[in-house]
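Each of the next two complexes has chain A plus one more chain, namely chain B in the first and chain C in the second.
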Partner chain A sequence: MEQTLPTMVFALLSVLLIGLSLVVVTARSVFRGAIALTAALGVVAGLFAFLGADFVAASQLLIYVGGIMIIMLFVIMLSQRPQDQYDRQTNEQWVWGAFFALAVSCALIMQFRSVYRGIFATTVAMPTTASIGRLLLGDMVVPFEAVSLVLLAALVGAVYFGLDDKDRT
Partner chain B sequence: MFELGPILSHAFQALQAWVIGHGVPPMGAWILAKAIQVGVVVIGVSLVPMILVYAERKVAGFMQARLGPMNVGPYGIFQTLADGVKLLFKEDIIPVGSDRLVHILAPMVVVSPVFVCFAPVPFGKGLVPIDLDIGVLFIFAISGISTIGVLMAGWGSGNKFSMLGGLRGAAQLVSYEIPRVLSVVPVLMFYGTQSLRGIAMSQEGLWHGFLPRWFIFYPVIGQLAFIIFIIASVAETNRTPFDIPEAESELVAGFHTEFSGLKFALLFLAEYAYVFLSSAMAVALFFGGGEGFTLGGWIPTWVWFLGKTFSIVFIFLWFRWTFPRLRADQLMQFCWKFLLPWSIVNITLAGLMILLRK
Partner chain C sequence: MTVSLHHFLMLSAILFGIGIFGALTRRNVLGILMSIELMFNAATINLVAFNRFLHPEQVWGQGLVIFVMTLAAAEAVVGLSLVLAIYRNIKSVYTEKMNILHG
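Here is the complex of A and B:
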């Protein structure tokens, strides 16, 4: 096989990612699951870095690992009860759930195999920050600002729902 | 004069040539050289906290009109070494009610990002471990991982004090990360790069023949950015007056209550290494990195860099023994109602200044 080292790195990252994702859904303790999710998101950042997208990799770490996951862990620490450890992890419909999950994944895999054959990405680390900045504040400035408006609306909505009933006027 | 950068690169080239001469393939020689370089950085970063702990105890002593450690070695310089040996031989206790795996992993998660963070720091001319194009963002992103470790330490210890400390730590670290990142944005806007080496190199030379072209000497913008950066950095490293995650008088020792022996030493090492990292970043961003402003190149750049860094470390130590601890709500108000608006004002000012200069 050509390009042995990149393939090996990719295989290693993929195996790590799949393993950690399995831990996320199977771990009994929600906190451990969240830690595994954090690690999985870190591995995704590793995949981005491996594909030469240095800025996206760092942003992935900064936003998902350093921001969102910390908030999630915060909520888990506030809301855990000891008996959660002994609850059943599945309900009566697990057969149907497994069936549909399998069907969807088979359909996706077949689609990707037939439509999108895959390409060997260039793994050369070229600085991408300057071109991303030019795109975001040049051609893409309207969508970029629209997305930030949507995020602002989401924030205002979160504050509104977080208020007590008597404070909402 | 005694520039370390060229000497080291010659040494590594000679080493690679010697190893290849003895029948090792070039790839193996390259990996060996890189491994040694990484080892040098890791050992250096692990040794710095020993100096900082000694400095902290001495500075504390002098500020409280006493001598500090005096007994172990001349002026007590071997005190930290003795402490380290003591911590090595202490019993490692894992509490019964704890989440064992999380408890064991937590100190590692806190400590390992620190070493990675030193990769893009320019210690002097030609002394950058890796000159990353995204240097500043890289440091912020990687150091965010340590926050997860603080939460794991708080949860994994399985007691209320640790849990409260972990919760407080998460709230504080996430909040202060934002003004810290935003305070650096004007620097990036002026120099048009995120590489710490590039930023440090852009600050060479003098204004009007006497004032160094450091970012901190830009009127208003420079000082405001530096003040916000240093305050947010003190908060990010959990030091007094922002040490509510480990407030001794309220939470025993916060998230590291249940850690003993080497695990406690690791948590301690991470804290002091982050103090050093913040100071090194401040030097590269605001004080021209290894660029000296006097004595015409007689002092090598790495000495300048370390000298400036330890001066900023002194500010951190000084803060600790001068200010009382903030309450949790005061802490949040200070971040969201003072630091954040002013850092946004600063970015606007920097944009105006760049427009006017064109």
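Here is the complex of A and C:
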């Protein structure tokens, strides 16, 4: 019974994550959904910390919660009208969508249960920041540089699409 | 009962399913973008869990998660600026109104 605390923490994080993501996809107000998504991403950072990935948990909080969600909240505030609170937010195919999502989930779960059952962590989690840094500037240096080009292209594209038509010569 | 690999995989499968449901059924483009972020996170949970349980002495999975996050940020930035540009033209964020480009 010495493993009760990790199991309880994992169960709590799972229930929080599933509940919050259900709010994300079903909330009538998309702003409320974005707040729930922010909390869900924080819970995912908690799961990363639970898995011993400290650097990834910190960058999840920094990039997702502190960066992407702030932009998303700004765009939501810039593009919503008061009428949106009263419109329905799902389309007519939601039954088939739910069926398809359930089918994909069940297929993945059955596959995972049959293949990866009963694999436990054998080592104690260690801090990984130094080894990730060595990996990014060693074996992964080519994708590292490529992704910086992608970021530059995304930046230029965002500025271009953000311009007014008359400024875009 | 201890937490093992397939618990994490099942959690991420459920999260992925919820993300698919949102992406298929939301009318709002911003809701679809948020559902896609949910699916990205399901994939990153998988990567970190495989890294922790199968190859604990290496960090390739966690390094890959950094790239997934970066690309998700790039995707969100471009997607959101496209949403704003479309909203300026047609004053709506609903997908059924975005039918200027008839096939």
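Simple rule for what comes next: the second predicted complex is superposed on the first by the 155 of 169 C-alpha atoms of A that agree within 3 Å, B and C clash if a C-alpha of one lies under 4 Å from a C-alpha of the other, contacts with A are read in each partner's own complex, and residues count from 1 in each chain.
Methods note: a contact is a pair of C-beta atoms (placed from the backbone, for glycine too) under 8 Å apart; a residue touches a chain by one contact, two chains touch by 3 or more.
Model, not experiment: these values are computed from the prediction.
Q: Specify the outcome, clash or fit, for chain B and chain C once both structures are aligned onto chain A.
A: Once both complexes are aligned on chain A, chain B and chain C fit side by side.
Q: If you stack the two complexes on chain A, which partner ends up touching A:I71: first (chain B), second (chain C), both, or neither?
A: After superposition on chain A, A:I71 lies in contact with both partners, chain B and chain C.
Q: Tell me the contact category for A:V150 with respect to chain B and chain C: first, second, both or neither.
A: second
Q: Of the partners chain B and chain C, which touch A:I35 in the superposed model: first, second, both, neither?
A: first
Q: Is A:L61 touching anything from chain B or chain C once the two structures are fitted on A? First, second, both or neither.
A: It touches chain B, and chain C stays clear.
Q: More residues of chain A are touched by which chain, chain B or chain C?
A: The partner that reaches more residues of chain A in the superposed model: C.
Q: Looking at the overlay, what does A:S79 touch: chain B (first), chain C (second), both, or neither?
A: A:S79 contacts chain C only, not chain B.
Q: In the overlaid three-chain picture, which partner chain does A:P127 touch, first (chain B) or second (chain C), both, or neither?
A: first
Q: Looking at chain B versus chain C in the superposed three-chain picture, what is their shortest Cα distance in Å?
A: So the smallest C-alpha to C-alpha spacing between these two chains is 14 Å.
Q: Chain A residues touched by both chain B and chain C?
A: Touching chain B in the first complex and chain C in the second, residues 55, 59, 67, 71, 78 of chain A appear in both lists.
Q: Quick one: in the complex, what on chain A touches chain C?
A: Contact set of chain A toward chain C: 3, 6-7, 10, 14, 17-18, 21-22, 24-25, 30, 33-34, 37, 40-41, 44, 47-48, 51-53, 55-56, 59-60, 63-64, 67-68, 71-72, 75-76, 78-80, 84, 87-91, 93-94, 96-98, 100-102, 104-105, 108-109, 112-113, 116-123, 125, 128, 131-132, 135-136, 140, 143, 147, 150-151, 153-155, 157-159, 161-162.
Q: Provide the residue numbers of chain C that touch chain A in the complex, in ascending order.
A: 1-11, 13-22, 24-28, 30-31, 33-35, 37-38, 41, 44-45, 48-49, 51-54, 56-57, 59-60, 62-63, 65-67, 69-78, 80-85, 87, 93-96
Q: For chain A, which residues are in contact with chain B within the complex?
A: Where chain A meets chain B, its residues are 29, 31-32, 35, 38, 42, 54-55, 58-59, 61-62, 65-67, 69-71, 73-74, 77-78, 127, 129.
Q: What does chain B use to touch chain A in their complex?
A: Against chain A, chain B makes touches at 99, 101-102, 105, 132-134, 137-138, 140-142, 144-145, 147-148, 151-152, 154-155, 163, 166-167, 170-171, 173-174, 177, 194.
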